[in-house]
Each structure stands twice: as structure tokens, then as C-alpha cells.
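I've put the structures underneath this note.
Below, chain A partners chain B and then partners chain C, in two separate complexes.
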Partner chain A sequence: MSIRLSKVGFQYARGLPWENTALKNIDLEIKSNEMLGIIGPTGSGKTTLLQLMNGIRHPSEGRVLINNQDPAKTKGREITRLRQKVGLVFQSPEDQLFANSVFDDIAFGPRNLGFTGPDLEERVRWAMEALDLSFEDFSQRRPQNLSGGQKRRVAIAGILALKPEYLILDEPTAGLDPEGRKGLLALLRKLREEQGMGVVMVSHRLQDIISNCDRIVVLVGGEILKVGTPREILQDGEELGVLGLALPTVNKVLHELKQVYPHLDVTPVGVAAIAEEIDQALRNQ
Partner chain B sequence: MIEVKGVWFNYPGLESPVLQDINLEIRPGEFLALLGRNGSGKSTFTRLLNGLLIPSAGDVIVDGLNTRDQKNLSMLRQSIGLLFSNPDNQLVASIVEEDVAFGPENLGLASGEIRDRVRSALSVVGMEEYLKHPPHMLSGGQKQRVAIAGILALRPSYMVLDEPTSMLDPRGRDEVLRTLVDLNRHQGTTIILVTHFTEEAAAADRVLVLDQGKLVMMGSPHQVLTRTNELHTWGLEAPDTVLLCEELRRLGHDLPLALDEAQVVEMIKRLRVKD
Partner chain C sequence: MMNSFTFGQYIPGESFVHSLDPRAKLYLVVVTMAAVLGVKTLTGVIVTALFTGIFILSARVPLMIYWRGMRPLIIVVAITAAFQVFLIPGEVVFRWWIFSVSDTGIQMGALMTYRLVMVFILAEMLTFTTSPLQLADGLERTLRPLSKIGVPAHELSMIMTIALRFIPVFFEEGEKIIMAQISRGADFRGGWIKSLRNLVSIIVPLFMRALGRADELALAMESRCYTGGEGRTRLHEIAMSPADYAVIAVTTGMVLAIILSGV
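Moving on to the complex of A and B:
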């Protein structure tokens, strides 16, 4: 089961004087039970790519298959069912909160799918617990009165309540403080581990992506520049810098130290692993 | 100078105070960073500085003007600029030039004066070439710089920024921070930067930490940002450079805690010689 993009291209305003190619020649597969990170400078086509993944947009060239079904060729109830499989969380999802209670906001989707009564409550409760929002404490609260981080979790719960197989998030931690960020990333990992979801995360924050994703796609000018594991991506520090993507400071330190320690591995992820690497180099002089 | 004297603040209808007994003097020409987790009261604090909110108790006095006095508000708002985190919420006109001119126009200045101020403000933030561009086509960092120019056109003495980089990508963040440091060092503008990113606070002269509405720490960036455990209890993360030095110490190496990346590299290279 996967979302597969084959030779996908996309142009805005096709045939018009201001036609703009947003994506070119994209070959990508998103598997369930995987956390995929997409990183790229502003204008690289990330948002367009996300919209193609759940069939909100159709490609100009190539094909998108969601669990072997082509959303461009699917209509009626079938397309609704297909779209349900891919939950798309836009940036600042809390801007989408509209109801008077957390319960009603999260219940909106399931209600539209025909859920009522105890089934509805169970679905809302499940989604809330999955996002670490206690049903008892939060269901009757007004979304407007919650903290930014809490609002964000309510918004994501609303999408999760549709039980998608894949969850795609555009800058999920933007605007959150360090605790909020850590909490949300841990929840995303849990969703992937416990629910077997395929999670796709677009982020500017390379630190978040390398510490949480199995695979990383680097998107530049609408094309895939590179796909690799976090360590493979960290290997090319300078390249990333040129693209306007910030290498984590501590990895930059490793790149600097490589002048003195040519055999230094510049790819460890996280402060502890990097300290280990430096420690080894110091002891092996 | 901004004097914050015994300030308490409650939002109407909510029992617990969002700010408790804040006492602070902000000196002209300072670069002050205010750190705190979401909910610590830091955004509320920014709105008390320019009179958008009035303290429930205590006073905020800017260059001798008390924010409680309605008569002072017009002066105050020219003297203190306030920048928010979402660039899209702050730009109103269809071209950059008109957006930056908005403030001066409302002051009833002569058109020659307005033109000069607009150009000079845009030049300070490095956006002069975008004079006739539509704001919505700019990147996040560029939009924030235009918003800053809009404030600069009013020639404020103080600039308060509420998490100005939280919605920006690394390049945008860099641009905005460099603009602020530049403003402070070369134009003498007092900068009050509210953020939850400890790395941004490293550029400041003084760092304050707010936790649950109280000022819990004040000091130089080095004094504050190396207290990793305390920062953690306040919902903040020490800069990675500090954490790296700590980790290396735990592994048996003797080096001081440093904020600056170049310093850390230097110190590790020196360890090599010592060991």
C-alpha cells in the first residue's frame, strides 16, 4: 500500500503567458509505516507536491496512484473514500478551527461521513487521545481559549478522526515553542509506530527532519535533487547551505573540525552522537 | 527609557494573572531578548509596552509618558513600534511603497517627506529594489522586512518584535535577525526581541526569561543561556552549542560552555593540542 507518483509534472496557468512549472519529473513512493521528510527552499514546489498527494490537484503530466487508484480517474463516492485515506494538514491548521467546542470541531469530519451517537463519540475520543488531548478535560473547551500548541493538536485530531492511512503535514512545528515542537514530533512518531501510518512531513527545520524521518527528499526548483537517509543527506553540508537550507549548527561544527580531523564522520544526528564522534576523534590522535 | 513598575495584568474574565509584578528598566540603545515558552506572558508583555493593553496594576512609562494616559497614545505609538509574527497579517497595500507609506500618511506628513522616509526605511532593511512590487509575492523574510520598514518610517526609538521569525524559513530568519542587529548597532534603535529560540537571544545585550508571568532570570546571554537545567524547567532549550560543550564535558573533556559556533570549534581544536 503506498502513494506513488510516477513522472509527475505540474504547471500553473498552462498555456497562459504567466505559465509556471512548479514540478518536473517527480518519481516518489510513500509507503505506510514510514516517516518521510521533504525539505526545500521556498518556491521549490513543496506545497504543490503535497496537494498532488491527496488528489486535491491532479498532475499536468504523469500519474498519482493512492493504493493503486488514480484520483484523477475516480469520481463520486469513490473519490471521497479515496481522499479519506490521505489526511492533509496545512500550515497553521489552527486557523481552520471554527466550532464552539473541541468536540464539535473534531466531530465535523466524521459527522459528514455519517457517524452519530456512541460511534461518533468513540471516534472523537480516539482522535483526541491519539493527540494527547484528554477527552474529559478538553472536549467541552472552546478552541479559541486553548494555547497555540493545543489548538494545533485539535486541528490535527480533526483530520485524524477520519482515520487516514497517510498523514501529510506542511510545516507542522512552525510557530510552536520547544516543548510544543518536541511533543508534536513525538506524537507523529507514535502515529507512525502504533497506527502504521505513512507520515509525510514538509519542514524548513532540518533538525526536525533528520531526527525523525526514515527518508528525506530534497526538492529544489520543482525537481527532486536527492533522496536519502538522514545521514546521507548530512554528508553534503555545503550543498544544503547553498540551497538556503540550514545545516544544524552542531553538524556545521563537525564540518569545520574535519579540516583538523580528516576522518571525522560528519553525519551523526543529534548532540549526543556528535559529541561521541568528536570524543572518539580526540582520543584517537 | 522604558520603565515597567510593579506591573500586573489580568485578561478580563480570567482569574489567574498573566503577568505578575514585573519590574524592569529598558535602556535606550539596548538590545534586549525576552525568552519564554508559549503561555509565559511574553506576548501580553509586548502589548503593554505600547499601550495596546493597560496594566491591571502598576505602570508602564515610556520616555516619561505613562501608557494609562489616553493623551499620550499617539506619541507612544510613534515612539514604540510593534511587529508581530505573521507577515501576512501586517501588510495591507498592493505595492511595497504604499505599505511603508501607510504610517507616515496617517501622520499627515508632506508627500516629499513621506517619499524620503519610505526610501530610507526600505534601504535600512535592504528592500529598496522592491519598491513597486506587490507584497504578496515576496518571501516570508522579505515580507517581515517590509513590515519592519513600515514601522521604521515612523522613526520609532523602540522596536518591539513578538516572535518575528517563527513563521520563517532559515534564510528568512537570518535576514530578519541581521536587520535587527544592524538597526541596533548602526541606527541606535532599542530592540526588544521576544522569542522562544534561545539562539536568537545570543545576539542580545541582555536576556530576560519569563515563566508563568514572572521574570525569573535576567543577565548576559552567556549567563542565561548556559543554565541548561533551568532553561528546561522554563520550557526552553539551551542553544545546541552549549549542549554540545556540556556533552563533551560529560565525556571527560575540559572546555568552557560557549554560545558561538566559531568559539566552540576553536576550543575543540585547542583541546587537541592540550590532550
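Moving on to the complex of A and C:
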């Protein structure tokens, strides 16, 4: 089971003077139960790439296979079922809230899939609890009266209630305070570990991606520049800086120190591991 | 512009039509539209079509873009034409089941199609070749004499500029919300009650964003000390050139010829 993109290209406004190539020649496979991060400067095609993964847009060239099924060739109820497998959380998803209660908003997706009664409530309750929203406290509140971070979680719960196999998120932490960001990232890790969900997330915060993802895709100008584990990506950290993707401050310190201690390893992830590495380097002097 | 929405967009260029004064262009478009709506005979159709064609070609905007903008309108044109063809009495040309088609019906249907298409093409030409700012400027200057009798010329043109400016923005926003709800399994086929409920999921967020945007825009304008039209000056004052007067003269000539000859 996987989402596979082969030789995928995409153009906006095809045939018009302002035609714009967003993606070219993308080869990528997302395995189930993997946490994949996509980073890239603005305008590199990150959002378009995500929209291709759930079949809401179809590629101009190449093809996308979701669990061996091609969404471009799937019609009617089947396509709804296919999209249900790949839950796509848009950027600032709180903009799409519309119902009068949190319950109704989260229930929108499952209702469209035909769930009613206790089954429906069970799904909504599960989705809310997975995002740390107490069912009793929140289900009857108006989405409009919630805080930004709560709205974001309600919107994500609305996707989660579809019980997708993959959860795809576009800048999920943008605009959240540090607490909200940490909380959300922890929830995503938990979903992957406990539910075996594949998670794909786009962020321009390298920090969030490096400390949470198994694999990182660097997208530049609509093309994949590099795919690798966080350590592999950090190895060429300077290169990312040139692209306008700021390394986490602690990793920047490592890169600076490497000028003095050439044997320093620049790939550790997280403050503790980095401190350890520096300590080692100093002892070995 | 990322999207494939063409109606109401400005397509920068350096053609003769692009360089015309917005007032002259407004005059050209409005008067030609009136002429198109007024013609009754084949001669009139040919004259107005040639007249418009010359300007369309000299605007050097690919014809395909006009077509893209017009595509959604085809249904309206088809229905209008069908009404004319089937419902206007006259000499019956052929009959099938309960439908009968008259010669007058066919003529009126063709004429109506021509008029609608031309009006639309002219409006497209205006927006393709005139930036929203120029358009509003031209409109304001045209209406300025009327402000003496209480017509809020500046406010009207500001409203129009803002409306035009936000057409693509709302299109993009709407597209995003539609995609988001489709991702949540919204289905716009099937029973009408279900479709209606699904429609709410798009309209409510779209309105909320629109109101939010209006609020932000008002704040942004106010914080830049916008107080309305009184005493406002421009960075680029528009000025009529001989070419603009020539266009106005030619347009006037065309419409007078049509009125006097009765085509």
C-alpha cells in the first residue's frame, strides 16, 4: 500500500499566456505508516504536490497511484472512497468551517460517506479525542467562538473523522503559538504510532520537519532536489541555507563550529544529541 | 495569475487599444454595444462586426482568451436563442412534435446570439486592455460633471475598482474551499437536498472570508488616511491624445450612420 507518483508534471492555466509550470518530473513513493516531510521555498510547488496526492487535482503529465488505483481514471462513488483514504488538510483549514456546532462540522465528512446515528457519533468522538478536544466540552460549541488553535484542531478532526489511511497536511503549524505547534506535532506522531497512519506534511519550518519525519523531500522550483533521512539532509545543511530554508539554530551552531573542529558531525537531531556531539569534539581535542 | 479564469482580467500589452485613454475606450465600448443592440438588418450586423473586429485584432490579445472567458456563457446564449427560435411566430419552416420553427424565429435567434456574444466580447476587450485602476479613473472622470448634481462619482468608481480587483481573488478562494470540501467527501451530484447541504459548506466559508476581507481592506484604507474623493490627486493623470479623439469621432460616425440609414 502506498501513494506513488511517477514522472508527474503539472501546469496551471494550460494554454493561457500566464501558464505556469508548478511541478515537473516528480518521482516519489509514500509508504503507509511513514512520516514524510516536504520542505521548499515559497512557490516551489509544495501545495500542488499535496493536492495531486489525494486526486483533487490530476497531473498534466505522468500519473499518480493511490493504493494502485489511478484517481484520474476513477469516477463517481469510487473517487469519493479513494479520497477518503487520503485525508488532505488544506492550509489554514479553519477557513472551511461552516456548521453551527463543532459536532456538525466534524460530522460533515462521515455523513457524506453515509454514516449516521451511533456510528457517526463514535467517529466524531474518536476524531475529537485524537486531537485532544473533549467531546463533552466542545461538541456543541460554535466553531466561530473558538480560539485559532482550537479551530485548527476542529478542522483537522473533520478530516480525521474520515479515518484516512494517509493524513496529508499543508503547513499544519503555520500561525500557531509554540505550545499549539508542539501539541499538534505530538498528535501527528501519536496518530502515526497508534493508528498506523501515513503522515505527509509540508512546512517551511525545517525544525518541525527534521525532528518529526522519517524522510524529507526538498522541493525547489517544482523539482525534487533531494530525498533523504533528516541526517542526510542535515549533512548538506549549508545548501539549504542558500535556498532560504533556515536550519534550526542549534544545527547552525554545529555548522559554525565545524570551521574550527573539522571532524564534527553536523547531522545529530535535537538539542541533547547536538550537545553530546559538541562535548565529544571538545574532549577529543 | 495562477488560475485559468480569464473574464475581467487585465492582460498587459502595448497595443494601440491598450494605449488608448480609458475614457475613449469606455465611449468606444459603450456606444458600440448600443449599436450592436440596436441593429436589425444583416448590413447592420456586418458593419458592427467589422468595426468591433478591427479593434479586437489591434488589441493583440489572443482570441482563445476571449473564448475561455465566454465559455461559461454558452448555456445562457443557447437558451436565449432557443426561446427565440421556438417561440416567435412567423412563416413555419419546419415542424417536429410540439415544436415549430419559423423563419422570423431563426432570424431573431441568430440576431440575439450575435448581440449577446458581441456585448460580451466588447466587455472582455475593455477589461483585457485596461487595468482596473485606469478603468476606474476613466469612469470617475467621465462621471465627474455629474457630481455637481450629487452623483458620487469617486465612490462609484472606487466600488467598481474594488469589485473588479476581487473577482479573481474570490474565484481562487472559492476554488480552494470547494476542493477542501470535496476532500471531505462533499458530492455535488445526487439528490438536491444533499446538494443544497453541500452548497452551504461552500457558501458559508466563502461569505465569512469575504466579510473578513472587506473588514481588512477598510482598515487598510483607513490606516492609509483614505477619506474619499474630495481633493484627491493622482500620480498618473490621464490625458486625451489625438488618437483618442479620433476613436471617439470614428465611433460616433459609425453609430450615426447606423441610426440614419436605419440598418
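Some observations on this one:
The rule we apply is simple: the second predicted complex is superposed on the first by the 285 of 285 C-alpha atoms of A that agree within 3 Å, B and C clash if a C-alpha of one lies under 4 Å from a C-alpha of the other, contacts with A are read in each partner's own complex, and residues count from 1 in each chain.
In this text, contacts are C-beta pairs under 8 Å (C-beta built on N, C-alpha and C of every residue); 3 or more make two chains touch, one makes a residue touch a chain.
Quick caveat, the model's predicted, so the values are computed rather than measured.
In the superposed pair of complexes, A:Leu131 makes contact with neither chain B nor chain C.
In the superposed model, A:Pro178 lies in contact with chain B only, and not with chain C.
Residue contacts after overlaying the shared chain place A:Asn54 against chain C, while chain B stays out of touching range.
With both structures placed on the common chain, the touch criterion links A:Leu28 to neither chain B nor chain C. By the touch criterion stated above, A:Trp18 is placed in contact with chain C alone, chain B being left untouched.
Annotation: chain A has no residue touching chain B in one complex and chain C in the other. Across the complex, chain A is touched by residues 1-4, 6, 11, 62, 64-65, 68, 176-177, 179-187, 198, 200-202, 204-205, 208-209 of chain C. Within the complex formed with chain B, the chain A residues making contact are 41-43, 92, 147-149, 174-180, 204, 244-246, 248-250, 252-253, 256-257, 260, 271-272, 274-276, 278-279, 282-283, 285.
Of all the residues in chain B, the ones that touch chain A in their complex are 37-39, 85, 139-140, 163, 166-167, 169-172, 174, 196, 199, 235-237, 239-241, 243-244, 247-248, 250-253, 261, 264-265, 268-269, 271-272, 275. Residue ranges on chain A touching chain C, taken from their complex, read 12-18, 20, 51, 54, 56-57, 80, 83-84, 87-88, 90, 93, 95-99, 108-109, 112-113, 158-159, 162.
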